[in-house]
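Structure provided below as structure tokens; questions to follow.
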Amino acid sequence: MSDRKNEGLTLLENKGATYTFDYNPRLLEAFQNQHPERDYFVKFNFPEFTSLCPITHQPDFATLHISYVPAQRMVESKSLKLYLFSFRNHGDFHEDCVNNIADDLIRLMDPKYLEIWGKFLPRGGISIDPYVNYGKKGTRWEQVAFDRLSKHDLYPERIDNR
Amino acid sequence: MSDRKNEGLTLLENKGATYTFDYNPRLLEAFQNQHPERDYFVKFNFPEFTSLCPITHQPDFATLHISYVPAQRMVESKSLKLYLFSFRNHGDFHEDCVNNIADDLIRLMDPKYLEIWGKFLPRGGISIDPYVNYGKKGTRWEQVAFDRLSKHDLYPERIDNR
Amino acid sequence: MSDRKNEGLTLLENKGATYTFDYNPRLLEAFQNQHPERDYFVKFNFPEFTSLCPITHQPDFATLHISYVPAQRMVESKSLKLYLFSFRNHGDFHEDCVNNIADDLIRLMDPKYLEIWGKFLPRGGISIDPYVNYGKKGTRWEQVAFDRLSKHDLYPERIDNR
Amino acid sequence: MSDRKNEGLTLLENKGATYTFDYNPRLLEAFQNQHPERDYFVKFNFPEFTSLCPITHQPDFATLHISYVPAQRMVESKSLKLYLFSFRNHGDFHEDCVNNIADDLIRLMDPKYLEIWGKFLPRGGISIDPYVNYGKKGTRWEQVAFDRLSKHDLYPERIDNR
Amino acid sequence: MSDRKNEGLTLLENKGATYTFDYNPRLLEAFQNQHPERDYFVKFNFPEFTSLCPITHQPDFATLHISYVPAQRMVESKSLKLYLFSFRNHGDFHEDCVNNIADDLIRLMDPKYLEIWGKFLPRGGISIDPYVNYGKKGTRWEQVAFDRLSKHDLYPERIDNR
Amino acid sequence: MSDRKNEGLTLLENKGATYTFDYNPRLLEAFQNQHPERDYFVKFNFPEFTSLCPITHQPDFATLHISYVPAQRMVESKSLKLYLFSFRNHGDFHEDCVNNIADDLIRLMDPKYLEIWGKFLPRGGISIDPYVNYGKKGTRWEQVAFDRLSKHDLYPERIDNR
Amino acid sequence: MSDRKNEGLTLLENKGATYTFDYNPRLLEAFQNQHPERDYFVKFNFPEFTSLCPITHQPDFATLHISYVPAQRMVESKSLKLYLFSFRNHGDFHEDCVNNIADDLIRLMDPKYLEIWGKFLPRGGISIDPYVNYGKKGTRWEQVAFDRLSKHDLYPERIDNR
Amino acid sequence: MSDRKNEGLTLLENKGATYTFDYNPRLLEAFQNQHPERDYFVKFNFPEFTSLCPITHQPDFATLHISYVPAQRMVESKSLKLYLFSFRNHGDFHEDCVNNIADDLIRLMDPKYLEIWGKFLPRGGISIDPYVNYGKKGTRWEQVAFDRLSKHDLYPERIDNR
Amino acid sequence: MSDRKNEGLTLLENKGATYTFDYNPRLLEAFQNQHPERDYFVKFNFPEFTSLCPITHQPDFATLHISYVPAQRMVESKSLKLYLFSFRNHGDFHEDCVNNIADDLIRLMDPKYLEIWGKFLPRGGISIDPYVNYGKKGTRWEQVAFDRLSKHDLYPERIDNR
Amino acid sequence: MSDRKNEGLTLLENKGATYTFDYNPRLLEAFQNQHPERDYFVKFNFPEFTSLCPITHQPDFATLHISYVPAQRMVESKSLKLYLFSFRNHGDFHEDCVNNIADDLIRLMDPKYLEIWGKFLPRGGISIDPYVNYGKKGTRWEQVAFDRLSKHDLYPERIDNR
């Protein structure tokens, strides 16, 4: 059995986590990548994102897809969940939520590559799906980021609001 | 909580919106992009588009997918909805509706990139799906526009009219 | 080839139909049932229903399923379509639209049985699906109507607003 | 290997079948039920039904589901296919096609029970799905026919014309 | 155009609604049923339900299906949405949330029949779906309630936690 | 760990099974029901059924659904698989295959109830789905068999041959 | 916020649960039903069931659907998960696993009604889906149990082993 | 309202169209592209294609997807439908039908780009899906045509003939 | 009507085909491509492939997708079906079946391009999907073959063995 | 019939395999590629992967997709299954399991290309999907590996945790 408990991943074991619902990027925790010699992807699927409209305070709901290629640090999944739950009573536009999560994760991990796609539920018959990505300057992933952006979503998923 | 109310986004808060059903591009409103240093996509899904056939006046129905990469200005989602509802009693061909919406949004936002895919319900057993896109001249998005057009819809969605 | 042109089904042949968008039950036309000795079902699926909210005038959208067991008269499908299109600029609540369509079709056809299920697109994250039915008094279909109502929708369809 | 070639099932073996496209119920052939002591169902699924509108002569398309409980005679599947193909250039209303196919199969087989559900593709945004059934008089299937009719289609399938 | 504005349905028009996130059944509003002579169903689909675990305070998520047969009073849909949003920061078990919503709606409307099915997202690989229903004493709907309960969910939906 | 090896279930352990492709009902093996005091269902799903047309010898393919309520004996699943594979080079009509499998399983197990639904791939655009069932005489399952038969397939699955 | 912590539901809060992989029914914990005056259903969906074949020790996989109508006691969901995980290294036949889980839950809760449907992944092209149910003697749920059993699975789900 | 009636689009308005069922490319009509400065796609989905096998005369069925980038002329959708219906009693192989439709549309419109994908229903368990495309010589679309052909259908759709 | 009967396509007309179940590549027949000036794709979907495991002789099942770009010769579809049926009693590994079918079709047609994707049903919880392709040496399709291979299956289809 | 039994593929025939549940890469067996002159893909789909969380020991579940291009050696499928089952009682993070499986298979086969995509079930509302790939140094597959990585998962699958 691995001895990864020594890495400071206290969150997974110490289960008495406290849930806070005000935007708090300090909830994010990182751990060491065990395979730094290999570029690879890790994707998080999170269908439980909810925040508030900054104008009306009406709740908004989204599924977030977060993918990245780690360098030295990786985001711990339970801390990521707590961080995402901290938007619960926070008011911000869809486009800003997704951009700000990207900024926070880049700051935490300094990854080679990162992308986030938010798929929000409709309001008034119309829905908004922001997509942002990032490639580390000076690496081959800088070009990949633009290539992926330029090829983004050639096949929009079928949406009928039911 | 953000103070974005000061940006002139009066439409979201002032909920007593008036619905008009004659084509009216002046309904569109823009606001400032908060992340102009990052190229990113915003997609609107709108399954409630309806207009009239310009010859027979029979109602037509479509789902529109509108995606763009903002420069300085972004389209406000409620104003976009009101604008799209303004086609309700307007007569135009499918291909022209989609082209004209593209023209109006380019004029409003001067975006780096924009594309619209209309998926209309069938008439007499046949359906029409126009797709237009645009990349700003003199930016790398001009080439992206042609690349995306040339790769458009290699996998047509399954259609059986049921 | 059948000689049903003589029945007064002028609408199907005379294609120069005029589309009107104010609620008008006089658009409905009936023709004679050719199989009155047999009780059987006819179902219409109409995913293009649209009306207005009576308070805000915002457009509403629904798929209607209309099923009936004919007695002597049957509703002509093109006249039904024109009638349903006549709700386009008419304001009424979802529950009332469905009840009123039922009333109009019962008056037109005097059917043995009739039911209507409206499935509306969501507003503010919530959607409404009214279901009404009717069995002719003094026939076995009176009891069937209650039996069907009492067994209605034991398996609600999966709804995720996307 | 069974010796069922002696039953007169010449159609299956004699593959030089002629396809005729004028309604012709004499194309139907029957063979002996090998399990008359058991009541059981046989269902045919036929997504290739096409006929003509009796007024405009426009082609119509449907999937037919034909189910029955055999008594002494059963319909041979290839003859059924040829018979159904014979509606290709025949003009009739949806409701009448389905009723007439039922009548022809009852005449051919004298079954204990039979039902037909036609699911037609939309015309002008609306589709029609007739359902007829039959239970042999003086058998328990007479009551079953009404019970099934009275419980017909409590869950209309999702239709969006795409 | 209907004059239903006079019924006190101020909520729909007065759009400056305040969202509150503490359980509050007084948010519910009722209006008069326009078709009291007919028994019919109204179903609400609400995929945006969220509450907190009463022990750990972790957010929980569910889709609620609420169906009822009105007597004299009907629940106004926007008030229902605000009421359901009021569970946002409220802690309760899944089974209790669903039971309490049922109790509140019965108190508000005194309906002939009501049922609620909550479909919650999994925690630790397992998900919980409570179903409650109610039939008004002394009406035929009392028996219907038990019949529906006894036939509940014979075909559980396919669940794979993805 | 249970000691069920002593029951003569040699087939599961003795993995050097021989596959034979001539119809052979003696391949079927039974074992003792451990819960005879309880009536319960066991269903086998078998999408790998293949036999030959008795006239043309063309291969036919089907998914079989076999459900039963055991009395004292239960069919061992690997022996059932070998038995079903033994139709591989056997020629028989769809309706007869399904009837004969039912007869063989009834003889083997003397079950309280048994049903088989065969869903065959199309030939020339048409497919055949026989359904047979059985309830043991003198038990309540005799009536159940007819009740299930009489309610069979009120909702034919969607078929489009693609 | 409810004070249900006092009920002895220590498991949910005390998150340092120990996972054991030998069949252990003592892991199950119950709590008091808060709505004993109402008959209602609670369903658990568990797609993570795995056990071992008692003969070959090969791992088996299933999705379990467990539904019940509580009397006084209800099963705590985290304890149910731990109990189901305890089959991980336990060898037993599909039919016996499902029967034994039913027995353990009946013993724990003494419910009015309970049913379990196991849907196992295929071995050698064939899959097994046991279904058991139970109604408390001397209550109306005793008859419901047989009614549900007799109507079980009239519409087998589509299975193609892909 | 647009004045496009003056363009000679008489077919849409003059609804007394005659349906002919012998292959007739002269049924095709073109109109002027209103947006010649923009390269864009128009796709037709046609699930009602039917022709005859040239050897056996058995009816064949397909869904056609026709996509093109207009130059100066565009195909009028109703004329396209009538043209496609004219294959109804015409005998030709699948591959030849699709190639010939491409040739006729290229001749009519002289488009920048065109592609057709035919998806035919199976015969004897096997189905055929021809795909042809074309790029105008001397334009950038000539290279696009080969690029699209070389990348065609890397993900064949799931087919199980049911 | 085309006169393609003169091309030697005797198989389609002479319907008294003999089905043989020993691997026999001589069953394959070719005919002349009528559109040699155009590069285009033809795809066959065949969900009825079955062969035997060479070690255990257990039947295996697969759906094959065969796509090619013809040069001068094309494979006749009925002969292809008979050839594929000839693997019925032939024992070979999945990977070898797919490679050998590719070799046989290349030998028969000398195509510009060819690819085959076999999707086999699982054995013991695991399934195997071989994919081979080929581009004619000295043509642009040689490079296409590697490009397609290098981009193969970036999106594996969802598999859950049900 | 092939004589591949002589290759040492004893595992397939010798069915008395022992299942071990401690991580054991020595379970993997290889055999000779019969088509070394052709680059082609082999994909394994394995929806039965389960391991333990290294911190909490809670079971985790995933579907693995393993694809490779063989050089001289290929992995035998039954040995791969036994190897993957050996993670059953082994504790490791999702990202490490997938990386380590990749390392073991590269060591066994020295393939031209290999990739693994793990799709894990959610814990606490969030799921993790690692993707790793590898191209043999000094071959064209080294570049392919980066190209595939840089284009990985542009279309994340729809996830709603149900």
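Per-chain residue numbering starts at 1, and chain names A, B, C, D, E, F, G, H, I and J are given in the order in which the chains are listed.
Convention: a residue touches a chain if its C-beta (ideal position, glycine included) is under 8 Å from a C-beta of that chain, and two chains touch if they have at least 3 such contacts.
Composition by chain, UniProt nomenclature: A, B, C, D, E, F, G, H, I, J = NADPH-dependent 7-cyano-7-deazaguanine reductase.
Being a predicted model, the structure only gives us computed values, none of them experimental.
Novice: Sharing over half of the contact pairs with A-B by residue number is what counts; pick that pair out of F-I, B-C or C-E.
Specialist: Equivalent contacts to A-B are found in C-E.
Novice: Have a look at E-G versus B-C and report the one with more C-beta pairs in contact.
Specialist: E-G
Novice: Which integer distance in Å separates the CA centroid of chain B from that of chain D?
Specialist: About 46 Å, centre to centre.
Novice: Using mean C-alpha positions as chain centres, tell me how far chain C is from chain D in Å, no decimals.
Specialist: Each chain reduced to its C-alpha mean, chain C and chain D end up 27 Å apart.
Novice: Going through chain A residue by residue, note those that touch at least 2 other chains and give them in order.
Specialist: 13, 15, 47-48, 56, 58-59, 61, 121-125, 127, 151-153, 155, 157, 159-161
Novice: Applying the document's contact rule, which stretches of chain H touch chain B when the two form their complex?
Specialist: Listed in rising order, the residues of chain H that touch chain B are 1-2, 4-5, 9, 12-13, 15, 34-35, 38-48, 63, 65, 67, 69, 74, 77-78, 80-81, 84, 117, 140-141, 144, 147-148, 151-153, 155, 157.
Novice: What residues on chain I touch chain G, complex-wise?
Specialist: So the residues of chain I touching chain G come out as 58-59, 61, 119, 121-125, 127, 157, 159-162.
Novice: In the complex formed with chain I, which residues of chain H make contact?
Specialist: So the residues of chain H in touch with chain I come to 53-56, 90-93, 95-96, 98-99, 122-134, 146, 149-156, 158-161.
Novice: Under the stated contact criterion, what part of chain J meets chain G in this complex?
Specialist: Going by the criterion above, the answer is residues 17-19, 21, 47-48, 50, 52, 56-59, 61, 85, 88-89, 121.
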